[in-house]
């Protein structure tokens, strides 16, 4: 029985820490301070440690949980995302008058859900995990009750989410209707059996699942919720969902489509290629015209989803590894960027209009520099991690002769540079300075940003270990 | 040792540039002049050595390789200097006359401030240095260094009074027109290297003479024509002569040294240097001859009516250069060089003389405001007279022998028409030169009407005391200038006697014999028609030869005297006859006054169109419009689409659901219908 | 040794950045000191460089494994060509820093930081022998340059800087794909991927594919050069950039395009190169004349110089396309020469605009009377840039013309040479015209009266330039000798490419959906592996 | 005689119900009705599960249905909470009233 | 016999659902939805899944729908008023009709898809669906999912509380 428990230990720790946070909050009397954030950090640290200690163990349990290296990679990544988010939130969350206890608790719960998505081999559990994650994030989006935009964002995100999860569920149902199971392995066997003339129901199931995932990773045309949700949510929640949800969704996406539905690659590849192309184009093109930085980053995240899809389409071991690496790179960079935004936001203004950045360099050179680095990394300039990630993706694409997608990808990334640099122009080159005072930056949050900075450069210059780790972890799943 | 010759003036240049602000006139002028003098001395010794050296393949030459200049792949160009008879003559002329002109300048430029004075002499030295490199260079690239260097110096010296726009313009014009020539020269070099794999004059000559006469004639023709284009630029021939008259904006000694005696003859020298090459390209020679003759005639006609004393001399220079090219064209290389050599003397003399006049008249250059200077400026007058006689081709003066040599050879090589042109030009020469003489030195002083100061090229703009000196007693040339004038005058008389016509004094044409080896390829078998060696003929027909030659001499003598007579009649005997004629042939007169409107034609046909195309079509049209339009267009398109597509994000959740659903339906449809 | 060249500026830059507020003077001095040290090192390297004709191989090679799984290593080394370009870089950087000593008076720390970063990246580009490493430096270089233009530039700096950035990136990203492709082609052939230049040179890429890869490379470099139709970023960037920026831009950055062509595009894809060089040469000669003509009518000095660069670099590219030792050597020499003389021109123009805050030719006139020293230097660099014999410009142009005229690969070579030679005329026209309008004639504009002549600092800035201009013109051997073995090796590699030059634009990469042309069996086998490696 | 319902007919029935649900989402201008439509969709899916169960003679589907209901409940709870929050800001449930975030 | 029931119930479910989305007044919609749930549970019984049928009624109709009703009452939601003004373009008759058409197309697609596969008759005998069997399976094979669901519910509770509770100053 115990060895049944082992594989779920990491996620269990996180979930328990979430409960701990809730309790702490519950017993907190009005006004006095409680280190809820630190509890979360401890839990996540535990998650990371246990995950690493389980490396190469390939533990399985309950018949649905498999903690192969792939899952572990995502566990660590997701826990890291969570930890970074908590670091960055400390101070800013209070400043925005968010109910910190619930804030951290929900974040931890949805982290647990994310971890599950990566580490299960059962569609049903994936669905449940997806719901855990999503519900948590819906609430987080609207957690700032004073903000109408927050509520609106939450509602839009929720409606679309429920809508899409219905489709996802329908996909599961159809798969079940064909195969009589929800276990990925058995489905895979059936699919492999019927590969030369796939049952139309199977195709439909695949399509529905694809739609569900595409929605979560915000691929065109299922992306519409993204800009609104990103803009309306509290800044750090935006950062959290843009990185965590993408990572988790891709974890499941890759697992489902490259293990069970791998045999149908010939069927889903063209469709996915089209989606990827549209996603890259629309994300970059529409991003150009945005004036709200958060919204702009939302479109950029759409574009990045496109690049990730290219990696998924490449589907070689390099392709899978590139997705993993890219997710890490994107996560750390994006979180850093949102961290800076959050540090600048005041309770009354989210400080996300591009004009708010005018002359930032003169008043807050440090923050300006940080943001610059993160933007450069998003734009894919060496020697930041963003460059290595992009290179790795296109590496995979070229290996698979996806020249067209690769070309599209690099060209769109050039265009995307344009809107990233609009912010830089504001910060460094505009003559006037934005009105309104700049709040002081909480020390812990600053530490978080510095960590992100270091990682961005470290992984940009010596990405070796992470690349090999990614390669190893994908090696375990197929 | 040879390197010293150009190096000495170059050092002078360096010193004068470095310390131009700290040295007095005496020192800077002294340094420069001494440097030239020393160079002359070294040159003499070098020539002496050369004469003493043992002939290789019939040619005496000494050579110095300084160091390897450019070496790349097959190309290997040492910085080598060589003295053979031809270059020997040239360095003597350059250093000798150069020294005199330096000397002259020390006095002439005294009005300048110290630093300007030093600047002037530094330029002058620099010029001498480059000119010597040009004539000493043993290969095309080395010559080209001098070739462009002298161009630069002429640019600097013409524009010496840079605050005066016309001067600056003239300098620019000179440089650019020369560049057009250099373009040809470079291409010539390239194709020579492509043909012969070397750029050394001797080697080239050798390989050429190895070729059969017809072999690759076409290529040779083109090559030589390209080189000749270079020559026309440097030596002010049609079509590139236009810069020389304007070049008179420079100080007069500069005109004497650069634009009369030395630089402008570089083209002639270059052809002489490549005599073998050119004589393998008969067509080119034809072209050279014709161009030369036409230039001579045209310049002569223009010279008839010009009123600026220096411009008259300038056109006469162009015309005389035409003579030289005529000689080269008909294969009389020696004759051409001979005329170059005599011309150096008397033309330098004439320019310096005119300089003396201008100096005396405080910058007055307009003949119409001169007259009656004979008594006031005796030295100037007499020396000037000698020069005029020499250029007019009056017997027993240097000009007579050289010009006669050319005409004679032209006739003998059967270019009758060219010969006629030559004769006519000789007539014109005599006429306009004596017109100049009469207008300047005879008759009454014609004070300048106030209006005269107005237009640009009549007065120097170098802070001169103005024209206060009219009427009052004028100062004749100060010693430094006088010496130069006298020496040159003597030269103008005697220089010709190295080349007495063989008809009169058998074997008297020593210079031809002296130069002849330079026109042969060393060690090459003597070609049947060794250019320049026509005189070496059997005594049998020599008698008849001599008779024709004597006849020709007679003709040219008569022509010269006639020209002088005409000038005398018009400008001395019958006052106002000139104006009468001018009025009578008004159109022609205006045409000549405006130099056939060539400048205007060039401007309208070449300069303006290029400018207009560049600015409107290329810059505004292609660059800003087409290319940049495309580039920015891409950006605009992206922005446009961005503005359109973002509108799809209406904010209505139901629209979002719609798009989601559209996606689903489309995808499912795709899988059903595929 | 080479690594120190790259690392030192970065460290120095960071130090400068960490200086406290208001320590501008110190920042300047520190930056200058660092750049001078780097220069000293580079000179030392030159001194120890083995220039013997047999030493064609790379020297000072350092190789450390970096991403072994991908055949990527930190592999640097120099041959004669890159040596000289590195020295050019280290030579110009201190000058650029010094010339902005006073003109850049705000945010000095950041300025120095970016300058040093730029230097590091540029050196990196020249020394890297691994294509991945090369691309990293190539791309990283854009950022500091972008900031230099965008922050310290003139009024339209934002437009110019972003234009520079996007223009250049648009070209280079495709090159990145090509690099990756060839690296994995190496894997397809040998079993292991490799980004190492020496490995990739050993490959024999099928001609059909060469076409595309070559185009990807060539466009990237052509934009950088900039070759004729891709040049419009240059005038804007030059005009808007601060003096130091313009100097570096003209002096070094433009050379990277030509360097890239010579070091990567041509040798890696010899057959495609052989096929395309005539076309590139056509663009080059068009650029020569076009650039000159447009330069002639520019009212703005900086713009004029910018367009003159288009013309001059056309000459360089032509020399490369000649594929003869003389031509290529001339081209490399001309890169150096152009770096010196055009850099000098920008310095002079910068000094003028520092004094008058305008660069319009019409605003000036008669300066020679006001500040003879400056105008003297001006004259010298002008002459150098119009290739007067005895100055650096002549050697390069002469060699290039000879090389082009005697080229075996270009047919109608003499026509190319002839058109290129017209540059002799054009350059004289536009440069002298500008020079005369600025310096000669009477002083018409009162603002020009009493402008101060060269200060000591400005002497220090301009004197080395002038000295180099002369030295390179008189004793070119110093520079020609070290580069000869490298040039010989490169040219022989390119020209000695196996196989006929059949692959035209028709030939298509199998990846682009079009089936590979049914060429030899071997070629098909070559083209296939990319797809073979799919599953 | 009435045709015997086959597996397909059940599937089709659920498909029809599912589509009706989707239609509801963008036909109705009332947040609550939209949530109801989603519930309709989920139920349609449930039908598939149960039918499949009958087809495969297992009960897994029914268990899944059980989970689905839980999820539906959870979603409903959160959804309604959000609706309440929204309603607090603007006294309306018209989804098109909430378009401050767009473009 | 079953067949008849099937068709009746199917028709009922469809009609009820159509009415659900056809209503202006959410109150009616909720009630009608309960009806369609009833029809569905009938179908479940036909399919031999009485347990599901039961919880369908109990949980769905009983719990969830009551929740809905409760909210509807709480907010006493106004019935939809015909669209006014701005967003007509996007939600006006045209697009809405388009949406409806789209749904019909979707039905068509799915139907066509199901037509493609040969009709599979349902086996007559129902599987062993005693609560006991289900329970065993649920707590043995689906234990983990069950646990996960508990977390889900916890999240939902917390979230609901956070969002719905009154602002505490």
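Lettered A, B, C, D and E in written order, each chain numbered from 1.
In this section, contacts are C-beta pairs under 8 Å (C-beta built on N, C-alpha and C of every residue); 3 or more make two chains touch, one makes a residue touch a chain.
Small disclaimer: the values here were computed from a predicted structure and weren't measured.
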{"item": "Those chains which touch subunit B and also touch subunit A", "value": "C, D, E"}
{"item": "Contact pairs, highest-scoring chain pair", "value": "D-E"}
{"item": "Identifier of the chain whose CA centre is least distant from the whole-structure CA centre", "value": "C"}
{"item": "Farthest chain (mean CA position) relative to subunit B", "value": "E"}
{"item": "Gap in Å, rounded to a whole number, between the CA centres of subunit E and subunit C", "value": "69"}
{"item": "Subunit B and subunit E: spacing of chain centres that average the CA atoms, whole Å", "value": "103"}
{"item": "Separation of subunit A from subunit D, taking each centre as the mean of its C-alpha atoms, in whole Å", "value": "27"}
{"item": "Whole-Å gap separating subunit C and subunit D, where each centre is the average of the chain's CA atoms", "value": "64"}
{"item": "Sites on subunit C at which at least two other chains make contact", "value": "166"}
{"item": "Per-residue multi-chain contacts in subunit A, two or more chains", "value": "124, 128, 131, 135, 138-139, 142, 145, 154-156, 159, 163, 200, 204, 227-228, 418"}
{"item": "Residues of subunit B whose C-beta touches two or more other chains", "value": "635, 646, 649-655, 657-658, 661-662, 664, 668, 672"}
{"item": "Touching pairs - complete list by chain label", "value": "A-B, A-C, A-D, A-E, B-C, B-D, B-E, D-E"}
{"item": "Residues on subunit E engaged by subunit B in the complex (per definition of touch)", "value": "87, 90-91, 95, 98-99, 102-103, 105-106, 109-110, 112-113"}
{"item": "Subunit A partner contacts - residues on subunit B that touch it in the complex", "value": "635, 638-639, 641-643, 645-646, 648-649, 651, 653, 655-657, 659-660, 662-664, 667-668, 670-672"}
{"item": "For the subunit A and subunit C complex, residues of the former touching the latter", "value": "316, 376, 381-383, 387, 391, 394-395, 398-404, 406-407, 410-411, 413-414, 417-418, 421, 425, 428-429, 462-464, 467-468, 471"}
{"item": "Footprint of subunit B on subunit C - complex, ascending", "value": "163, 166-167, 229, 231-233, 290, 293-294, 296-298, 324-326, 329-330, 366, 368-369, 383, 388-390, 394-395, 398-399, 401-403, 405-406, 414, 417-418, 421-422, 424-425, 428-429, 432-433, 436, 439-442, 475-477, 480-481, 484, 488"}
{"item": "Touching residues on subunit D, where the partner in the complex is subunit E", "value": "2-13, 15-24, 26-30, 32-33, 35-37, 39-40, 43, 46-47, 50-51, 53-55, 57-60, 62-63, 65-67, 69-78, 80-85, 87, 92-94, 96, 99"}
